[in-house]
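These are the structures, in structure tokens.
Two complexes follow with subunit A in common, the first pairing it with subunit B and the second with subunit C.
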Partner chain A sequence: MKVADEPRYLPLRSSRHLGRTMQKYYLLMRYQHLWGRPLKRPLAWVTSGAPVEILRALGIDVFYPENYGALCGARRAAVELCRAAEAAGYSQDLCSYARAGIGAVLRPDLAPAGGMPRPDLLVMCNNICGTVLKWYEALAGLFNVPLFTIDTPFIAADVEEHAVDYVRTQLRRLIDDLERFTGRRLRPAELERRVALSNQAVGLWCEIRDFCRHRPSPLNAPDLFVHMAPIVVLRGTAGAVGYYRRLRDEVATRVRAGLAAVPGEKHRLLWDNIAIWYRLYRFFRLFSERGACFVTDTYTGGWAAALAPGDPLESLARTYTTIFLNRPVEFRVRQMVELIRAYAVDGFVMHANRSCKPYSLVQEEIRRRVMNETGVPGLLVEADMADARVWAEEPVHNRVQAFLENLELRG
Partner chain B sequence: MNGSLYGAEPVAVLLAAVRGGRRPPADPQRRYFGYFCSYWPEELLLAAGLEPLRLLPPETAGTPACLPAFCCLPARACLAAAEAGELDALAGVGFAHSCDTVQCLTGIWPHRTRLFFVPPATPLAPGAEVYLRGELHRLWRQLAAAAGVQPEEEALRRAVALMNGVRLLAGRLDEMRPGLPSPLTAALLRAGQLMPRADYAAALEAALPLLADAADEPGGRRRLVLSGSLLESDGLYMMFEELGARVVADDTCTGYRHFAVTVDEGVEPLAGLAARCAARPPCPCRHPGPDRRADYLLDLAGRRGAQGVVLALRKYCDPHAWDAVAVGERLRRSGLPVLVLEMEAAAPGGQERTRLQAFLESL
Partner chain C sequence: MDLHYYLGVDIGSLTTKVVLLDEEGGLTARAVHRSGYRGGETARRLVEELRREQGLAPEQIIRTVATGYGRVTFPADREVSEITCQARGMAHLFPAARTVIDIGGQDSKVMRVLPGGRVADFAMNDKCAAGTGRFLEVMAQALEVPVEELGALAEGAGGRCAISSVCTVFAESEIISHLAQGTPREDIVAGVCAAVAARVASLAARVGVEPEIAFTGGVARNRGVVRALEAELGRALLVPAEPEITAALGAALIARTLS
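Right after this comes the complex of A and B.
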């Protein structure tokens, strides 16, 4: 890490453990073809909103290209990979995770962490965006492997039972298809165990996030962004539970000791959208230098939704259909207003992320409504989560400075 | 082409509708309901006593404060028109889920009556047909309530029959397309998305014999398939003609794809509408399976004797931008030349002209 990229706030001891955990995960995935094949464990590439509990229960290992996209962004490798995808015809206006992912397939020599392991199958759920379906279709063509899709209709208002039934029907078919693919039968007890493991990790993640209601907050948003990686890639495993137990204990210790993530915390902020990975610490340092701490965010909260008890398929269908990016503006406004009140937030910053249309195109409307309802000021900053070519340093700095000065004037 | 054809009454009526059709006409006898995306079931509006009006961007695009610049022009321009009050006369607006942008548009659209219809993204998935019927039932109930009418099956059957009539007439026009100027055919099909549907059917039926008389062989013109998203003006079609090409098959969202496939009138109407939805030519927002769209375009090009395919993209239109790579590759591998033409507005500029010219010369 370069000096300029170092966080200007209290580092977590668990960060070392995070490094080891993620390194182990990527190494295991990189060599999965060596140890997975003898064990007859296929490797699936999955979207971040895919019902991985089913896959894990069937002995399928999972790899997350979106997480890899974030890694490419953080390691500043995304631009070259995006260029490789663009040279193959993909528009520069498409999602930078997808472009970086396709670039990493086309040009593994440019890809960090040794590139991505070759998949045996692809599992896509479109509850986060329409892009993933097109991206995974492209991957299916590139690798010539089967693509399994779960279509989760957008919830425009209320959750309709025919939509949940539709998703449940597809999940049943997915199980049948994967049973045929793996030659294994799904054991209901194993699925329940995986669901329970997901829920344990989610419960711990919720506890960790909730600790940030304390004043001063024990964590800043970059902590959440960085430490969310295991809850994504290890979802449904004991490893995730162990990881978050340890992190929860450290954060609880901080709270008891009254330790602040941002010393002299003056302003408590909320972040909306995916991180700007290639400027993660430098960007947030603009705030922490002036005593502003991001005590909560909407993005990492996406992994704080527990699977309901009862029939696992019903629970999976309902939970994966109703994630926040598949919900209307009214839901997102309510979610932000509740976070602002629960965490005693003084202001919020929205990242208008060129790569993520479902997250970003409604942000100005949400900003207006949330400001009207709470009286809390909001700032919109345009950038991209992984493609640094669209980053405009000075305009962003000017807007952030003006926003912070406004916060200071408000006391 | 004989200039008198354009002045002949039924043709002139249709073309006048296209020129003035961006706003709901001032007509006290009719209540217009705007909609986005050709997957919106127009029959439900007609059965509720409403006239469907497809919302297309005005020629002078505004910039709404609510949407960032990295959003497609059709969404931005339509929202700006709505915010400016130009669509206030509409009884409401319907959104058929097609892409992330339309999904977002519904949340920021200013009309009080906004209805959303979510067809399955994977129409052949298990449970998709049952889901779609449920979704149509829900929409039908909501629409009838919004219009203040009782949902009646008989009214729906009449609407299905009317729309099937429109589709058959549009199909006859589409068959004549190789012999007619491309901008004329495009405009006549667009009129069918803007005019009261019964009026359109009557005018098109009267116009078809005149068009048949006027149609001739495209001669030495390059024969093209045009595929893409919506095109709200004739600019691109005019450019094809000026450069010596003819669109012999139009697979755009506002072209014949909008009309393709009729509803089975022998089954319960909502079941028939659901079946049509699944049977329509593949568009990039639906995923019936790999290669389906490329296969469809290859077949279309073969049937119409096309020499090349133009894939017209609107900037920031993700589904079409994704498809352009895979579909383009597949068509080229099959020996069909492809030009991917990205445009911000529907009217192309000098760069597009140069690229198209070079493409046509290569055929």
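Right after this comes the complex of A and C.
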């Protein structure tokens, strides 16, 4: 296959399959109340870090408002939804997924993809942030449905057993509560099967990410951001496994053929934080047109942690408590330094995402420490993941250009 | 044989600057003018005037680099960010400088530079022009003082009036109320300069201040701000004679390195 002279974006064949997969998912969710009710399958809205394996094992279907927020961002519908929430009194300083999500409930006429299907229950785990607790409390009030919470204590240093025990106890209680709610008993074998399915998908996702250690990288960050949707919304299903098997095969083919996501790859970069959804391709083109490829990132790696073998509840408790966003600065610095070394990275870009406080507020410190430890230059870009009103084109371009000029001078 | 020249063009938010260097990198000519809303046009006109003044044929300007916000509007061999250009220009003027502070019309930036002018790290103001040239213009207008005279006025200050607003627009209201209370203009100006210096010093701390420290950009002409910044940083600053042209100078120096 002939490589173009000018760096351009190399699309994945699997992207069409992604489109179909997500379309099918949203369609099924939209009409879940029709086909789910006769099957006695309730619909739960869950946070992205919730232990869904338990819900799936009990025949509960799951919907992810955060994923819907990303979709709204990408479709440029989030601004109007946020304004609807703000008009109802929610602060503009709140997470834009929360504002867009609440806006979509208050103004379904503004909500894309048929809006969000009404939940029968809500399940929140605060491993990702504290905002979700209040967001889901608001939703519980709006829908008058039960809210189930899993509180994962922040890991300030080492993982302590009493923290894992505390979460494990809550998972046990969650199972009891959900058994009562559904009128079904959780079969241990079914939970194990769901855990195994999660792990299979996670293993494939890790393989896919690992392929990007190759020079040149077969994938650029936008590919990872776009293709991570199923690992979130289809976690614990056979569908996710099938999806990632196919993607893994395509990426493996690229590696064998030496195909680069960014032809003439000159700089290998690391991305930190959630994507800028409303500007995904245009933003990364600023880099790819100068031969810079984002070979890895910290965000999509969040779904690359396997559940340990042994007692599923213990394993779930440990994995969901120890996600990177629930860890201190030292851990986050270590994670980035290791990625920089493993992927032979020349520079990194951190998206100071106004919405995501736990992810963003420590970035200046992380940036400084990572630069000092690796000698690799890092850039901080201020924006928001879904609220396009926060996007300022010229200042961002200016900083990105200065950063790339610096990389080019280093040679 | 016709001599060759290198052109640096800096099209900023408030002013456009052009610098012409000879083959040895010596400064031949420079010009500064208000950008207006068509910086590219202003730049073209300035270059034409300069060229005619120096009696040069167009072909004698063999390489051009454009920088500043309006850089894409000017036909140049390359457009380079003003961060890179500023670092290059200041390293040329002050080889000992390791920290460069630049306060322009609406930008304030701090760069840590390596010998030779490569940028090690930088920080800029984001979405807020408080503490920039625009801030000083607004204050000068409220005080009915030409902005060039702010520095001199600050020298006569007996005290210093604290300005608490972080927003330029609200700070203007604060100043008006101070004036109404009879606070001497000198004291208000000293407060304005101190506010700018405090803001910039915070920005500088983020990249880490390393001596020697250089200060450039249009605002560096303001002796009041220079003094206030020296007080904040506890060090004398290296200030170029013509601070507004240093980025254009850097652009011209880069033009000289292009093949």
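Here, the second predicted complex is superposed on the first by the 403 of 411 C-alpha atoms of A that agree within 3 Å, B and C clash if a C-alpha of one lies under 4 Å from a C-alpha of the other, contacts with A are read in each partner's own complex, and residues count from 1 in each chain.
Keep in mind that, in the parts below, contacts are C-beta pairs under 8 Å (C-beta built on N, C-alpha and C of every residue); 3 or more make two chains touch, one makes a residue touch a chain.
Note that the structure is a prediction, hence the values are computed from the model and not measured.
Student: Could you tell me if A:N126 is touching subunit B, subunit C, both of them or neither one (first, second, both, neither)?
Tutor: The first partner, subunit B, only.
Student: After lining up the shared chain so the two structures overlap, which partner does A:A402 touch, if you call subunit B first and subunit C second: first, second, both or neither?
Tutor: After superposing on A, A:A402 lies in contact with subunit C but is clear of subunit B.
Student: Once the structures are superposed on A, label A:V362 by its partner contacts, choosing first (subunit B), second (subunit C), both or neither.
Tutor: In the superposed model, A:V362 contacts subunit B only, not subunit C.
Student: Looking at the overlay, does A:E382 come into contact with subunit B only (first), subunit C only (second), both, or neither?
Tutor: It touches subunit B and subunit C both.
Student: Considering only touches as defined above, state whether A:W135 meets subunit B (first), subunit C (second), both or neither.
Tutor: first
Student: Which holds for A:E394: it touches subunit B only (first), subunit C only (second), both, or neither?
Tutor: Touch partner of A:E394: subunit C, not subunit B.
Student: In the overlaid three-chain picture, which partner chain does A:V233 touch, first (subunit B) or second (subunit C), both, or neither?
Tutor: neither
Student: In the overlaid three-chain picture, which partner chain does A:Y90 touch, first (subunit B) or second (subunit C), both, or neither?
Tutor: A:Y90 contacts subunit B only, not subunit C.
Student: Is there a shared patch on subunit A that both subunit B and subunit C touch, and which residues make it up?
Tutor: 364, 382
Student: Quick check on the complex: what are the subunit C residues that touch subunit A?
Tutor: 69, 80-84, 118-122, 124, 126-127, 206
Student: Mind pulling up the subunit A residues that touch subunit B in the complex?
Tutor: 88-91, 93-95, 126, 129-131, 133-135, 137-138, 140-141, 147, 149, 151, 153-154, 156-157, 160, 162-163, 165-166, 168-170, 172-173, 328-330, 352, 354, 357-358, 360-365, 382
Student: Which residues, counting only subunit B, touch subunit A once they are in their complex?
Tutor: By the definition above, subunit B touches subunit A via 65-68, 70-71, 97, 99-101, 103-108, 116, 118, 120-122, 125-128, 130-131, 134-135, 138, 284-285, 287, 290, 313, 315-316, 318-319, 321-326, 328-329, 340, 342.
Student: Which positions of subunit A touch subunit C when the two form their complex?
Tutor: That would be residues 364, 371, 377, 382, 392, 394-395, 398-399, 401-402, 405-406, 409-410 of subunit A.
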